[in-house]
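For clarity, chains are labelled A, B, C, D, E and F in written order, and residue numbers in each chain start from 1.
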Amino acid sequence: MTSPSPLLEARALCFSRQDEPVFGPVDFALHGGEVALVEGDNGSGKTTLMRVLTGMLHAGEGEVLLDGAPFALDTMAGAVVFLGHHLGLKFDLSARENLAVSAGLYGVRAGTSITAVLGDVGLAGFEDEPVRRLSAGQKKRAALARLLLLPARVWLLDEPYANLDREGIALVNRLLRDHAARGGAALVTSHGAVTFAGDEPRRIRLHA
Amino acid sequence: MTSPSPLLEARALCFSRQDEPVFGPVDFALHGGEVALVEGDNGSGKTTLMRVLTGMLHAGEGEVLLDGAPFALDTMAGAVVFLGHHLGLKFDLSARENLAVSAGLYGVRAGTSITAVLGDVGLAGFEDEPVRRLSAGQKKRAALARLLLLPARVWLLDEPYANLDREGIALVNRLLRDHAARGGAALVTSHGAVTFAGDEPRRIRLHA
Amino acid sequence: MTPGSTPAACAALLRRDLTLAWRRRGDIALPVLYAVIVVTLFPFALGPEPQLLQRIAGGVVFVTVLLAMLLSLDGLFRPDIDDGSMEQLMLAPQPLALLVGMKILAHWLTAALPLVVVAPVLASMLHLPPPAIVVLVVALAVATPLLSLLGAVLVALAAGAKRSGMLLALMLLPLCVPVVIFAAGAVAAAQDGLPWIAPIAWLGAGLALAVVLAPLACAAALRIAMDT
Amino acid sequence: MTPGSTPAACAALLRRDLTLAWRRRGDIALPVLYAVIVVTLFPFALGPEPQLLQRIAGGVVFVTVLLAMLLSLDGLFRPDIDDGSMEQLMLAPQPLALLVGMKILAHWLTAALPLVVVAPVLASMLHLPPPAIVVLVVALAVATPLLSLLGAVLVALAAGAKRSGMLLALMLLPLCVPVVIFAAGAVAAAQDGLPWIAPIAWLGAGLALAVVLAPLACAAALRIAMDT
Amino acid sequence: MSAFLAMGGYGFYVWTAFAIFFIVLLIDTLAPLARRRRHLREIRARIARQANRRRPGTPARNESNA
Amino acid sequence: MANWVPLWLHRLGSPPTFYRFAGAVYPWALGLAFVLGAIALYGGLVVAPADYQQGDAYRIIFIHVPSAWMSLFIYGVMTLAAFIALVWRIKLAETVAMASAPIGAAFTAITLATGSLWGKPMWGTWWTWDARLTSELVLLFIYLGIIGLCHAFEDRRQGARAAAFLVLVGAVNVPIVHFSVNWWNTLHQGATIRLLGPSHMAASMVWPLLTMMGATKFYYIASLFSRVRTELLAAEGGKAWVRELAVAGVAGGKA
């Protein structure tokens, strides 16, 4: 299942804010079917790394390759989805309407539908409730449903476990396993406080 | 250490939003030296319960007693501190300046100082950094420092563990133990995904 | 339209913004009410003489419409940036300039169009004569999209700043001066019975240019704004 | 002052708000710049005849100051509510009305005082004669705290609302009408050489009343707003 | 009849005024009725959704060990 | 006798009872408004003679004046209800205050529109910045502010209480509207009709006016009850009686 050129690759990636390095040179290559865990203490630069990988922040040095080609926001054609501290949900729309917008923008993975993915993340019965009325964990689940719906091959998840209950954590692990089995790649940050289920994933450690 | 009338007591407390019950009758009594854990799945009403206990939300039925007297925002004289999903930090001020405001409003516990508590929560060296520039976990630590600084006897903590690394979780547990030892009471919400250290605490379960 | 194609993406985004506006339909009415109230303040502040009011009617209506649009402009990209939607727009497999153009279109439909509709009422409250009112509406119909487009570029530039409302006003108002001069000039000319086509034509030319360039500039500015 | 005492609490809060304003000192300048630009727009929109401008100068300056204050009012409680600071103020062992009063004072010092200072410049740009300018400053010095206080009550009412910017304008402007009439009336009287003390005295009486009642009303309104 | 409609030359003003009166009040009468229909529809939808929500096996009431 | 009145009031205050009570009163009030309105229109448009000064244009009075009165009367009712709602936290008072606002706004808008339509032939202008006209316009803004504030809240009761607060603040405007003609000399007519003492008008003009006044009062009751019913449904959406009603509505085709 491993393709010749890795799906996502970082080469000697550094980022500095006001000439203070946030994280040192990071190297990794993520092939289809792999899930890697970015670990680090508070303030070690996990969120920053994620934003560099999405192309929002410009790395000082080093480069990011997607499918072997240098990465640019214009050309990556929806290959990446990002789930950050801010969930990207419109609070006045329902979960269903939010997903419909994502579907319009990115397209839909073959064989799924909005109702199906909402049921998968445990929001059956809440589909038409405005997101504003959902609790912190329910909002997180609505955001996770996007991952299931869209055809992107690379997932970048910043602290997907925060605010979720035990069942929610198991849900994230299941989503990651299925994604890897489909040949996708995922990069997940965590403080290592929650145990990552499944076979031992690759780890990338950042130090504060 | 248990005083005759409990520090914080709820009697048949109910809350409804648009006539739909969010949580059913909750009863508990929290004496000095006790820590109780509010557990429940996503959307079970933990945040709502906390806001009712602070007096921000008006309970539909039942009552909250503080030191045996019915609770009102005007009369409780700084006996309660609340740490919610929103941390109550001004992002343009440094951690030190933020704490100085709290100290002015609530007073300072005897024998502590702002610099000391910031050191205790692991923010030594970040005291004068604007809070905006701290990472998610560092912000949380700055908010935890308030707990140490103020003389309040009752702590209401809504998901204090979220966004913290392992060391941060240990820190919260240490803070809670010390607080209980001083005769304070604390109510903590959590999904039960992180283990609460120390002797087994009281548990209050909410169901969705 | 297959989901994920460019027309589908534009339609989805436009539908989203219009739905959001509809959910907050109070907010669509608000710029209009704001304009109505500001216009009514003038007679209080200046006294109720009809000749005086008639003389300043065109100018006051333009300045008021400008201020009302300004207030709503701040909400053009800020909510999307704050809640993480902007990152998703940027990562989508669609030209960002086109998506931004859709957002501007939605903004014009919801924030400016109602103002254009209500402008005749405002003008006649200040005793502007009917022939001049017709010119006023024409001038507004050309000037407001231009203001939306110019405003969007500046909002996008200011989006990276910590707080943008006022900054925006500052940057936008000087750029609006030519628009105000041309548009109010056309109304004044009509009021004096002079030809008023030329200034409107200039505005039209500016609009044509802005329709092409502004979304591109916006997209570039937003990329810069997100880079913090 | 021992920390935790009421004077210490007031001082800490006032210092905090002033420090925050100083950290964003750009924002203090912005209402002023906004007012300058709006006032300069009028000659463009109306044409540069001095008599006309002089005639409308007082009224235009008042409306502009009012609108500039309106823009800054929205930020009076909203940031504190959004970041959780308001909960801490409410849980503090101090009378909420007093704390709110401090916040209003800080707002007046940072948002309105600069406008009062710059008003003579704006008025003379519109050719208002110097004696009338003196009256204008006096009128503003009494009217702006009144507007701050009235505005604070309404902001507090709207604070629990989903989105408040424009709504605020809608609620505030009708209440401002008497203030504008009295203040602009005083200037107009001074311009015509008539006695202008009476309207100012009325404003002063209103101010005295508002200083006592508005913080209490604010505190009550904020309690309602936080109840969601 | 046409004299009645002309209202002594003021027909336009009089009839527009009466028309506004009736149209505004008609809207005012119909608006709450329409809204009530919508509410009832929403409540039915909510009942249906809540039937979906309750996971089998979870008790409906809260308990506490205090 | 002395006992059952408060008991009855208490029973009426309970939402399901009031819902049914309002439902029973509604058709009667609306019907009465309709009949009285028809009589008043006949009297005003056909029976009453043309005015010797204003010709037929004065007939606008039969809708202008009752609407103007209602715009003030409804604000008065609203103020009372808002006061009760804030002091005693009675849900029904909140609902009545909030349900009154749109009706008051409608009558204010009618007053402004018909006044303008009357002003054009009489004064030669649609609008002047006269004290009464202006204060009536401000009244419209206040109504709209109240409605806007009420709807800007996620939570109904919270919105109602915030708006009730605003109702009390805005109440100062009502005396200004009413007495503006006495306090400032204006273009607008002073009081021409007095309920006590002789009026300045012919009896053939007065009776249709008073009848129309009755019609608008009944219309207000009907519209208010209809709105309160709707509000109760929305506010009590979780209660069993509403759910039964909603489900029965499907089965029976009528709620």
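The rule is simple: a residue touches a chain if its C-beta (ideal position, glycine included) is under 8 Å from a C-beta of that chain, and two chains touch if they have at least 3 such contacts.
Worth saying up front: this structure is predicted, and the values here are computed from it rather than measured.
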{"item": "Length of the shortest touching-chain route, chain C through to chain E", "value": "2"}
{"item": "Contact-graph distance - origin chain D, target chain F", "value": "1"}
{"item": "A-E compared against A-C, more contacting pairs", "value": "A-C"}
{"item": "Chain A onto chain B, rotation angle from CA fit, given as a multiple of 5 degrees", "value": "180"}
{"item": "Interface composition of copies chain C and chain D: same or different, split at half", "value": "same"}
{"item": "Chain C and chain D: spacing of chain centres that average the CA atoms, whole Å", "value": "26"}
{"item": "Whole-Å separation of chain centres (CA-atom averages), chain C against chain F", "value": "37"}
{"item": "Between chain E and chain B, distance of the C-alpha-averaged centres to the nearest whole Å", "value": "44"}
{"item": "Residues of chain A touching at least two other chains", "value": "85, 92"}
{"item": "Residue list for chain D, restricted to those that touch at least two other chains", "value": "24, 162-163, 167, 170, 173-174, 177, 227-228"}
{"item": "Junction residues of chain F, two or more chains touched", "value": "141, 144, 148, 152, 154-155, 237"}
{"item": "Chain B partner contacts - residues on chain D that touch it in the complex", "value": "2-5, 8-9, 11-13, 15-16, 19-20, 23-24, 79, 82-85, 87-96, 99, 223, 226-228"}
{"item": "Chain E - residues contacting chain A, complex", "value": "45, 49-53"}
{"item": "Touch list for chain F against partner chain B, complex", "value": "155-156, 235-239"}
{"item": "Contact footprint of chain B on chain A as seen in their complex", "value": "40-45, 47, 85, 134-138, 140-141, 159, 161-169, 191-194"}
{"item": "Chain C-facing residues of chain F, complex", "value": "125-130, 134, 137, 141, 144, 148, 151-152"}
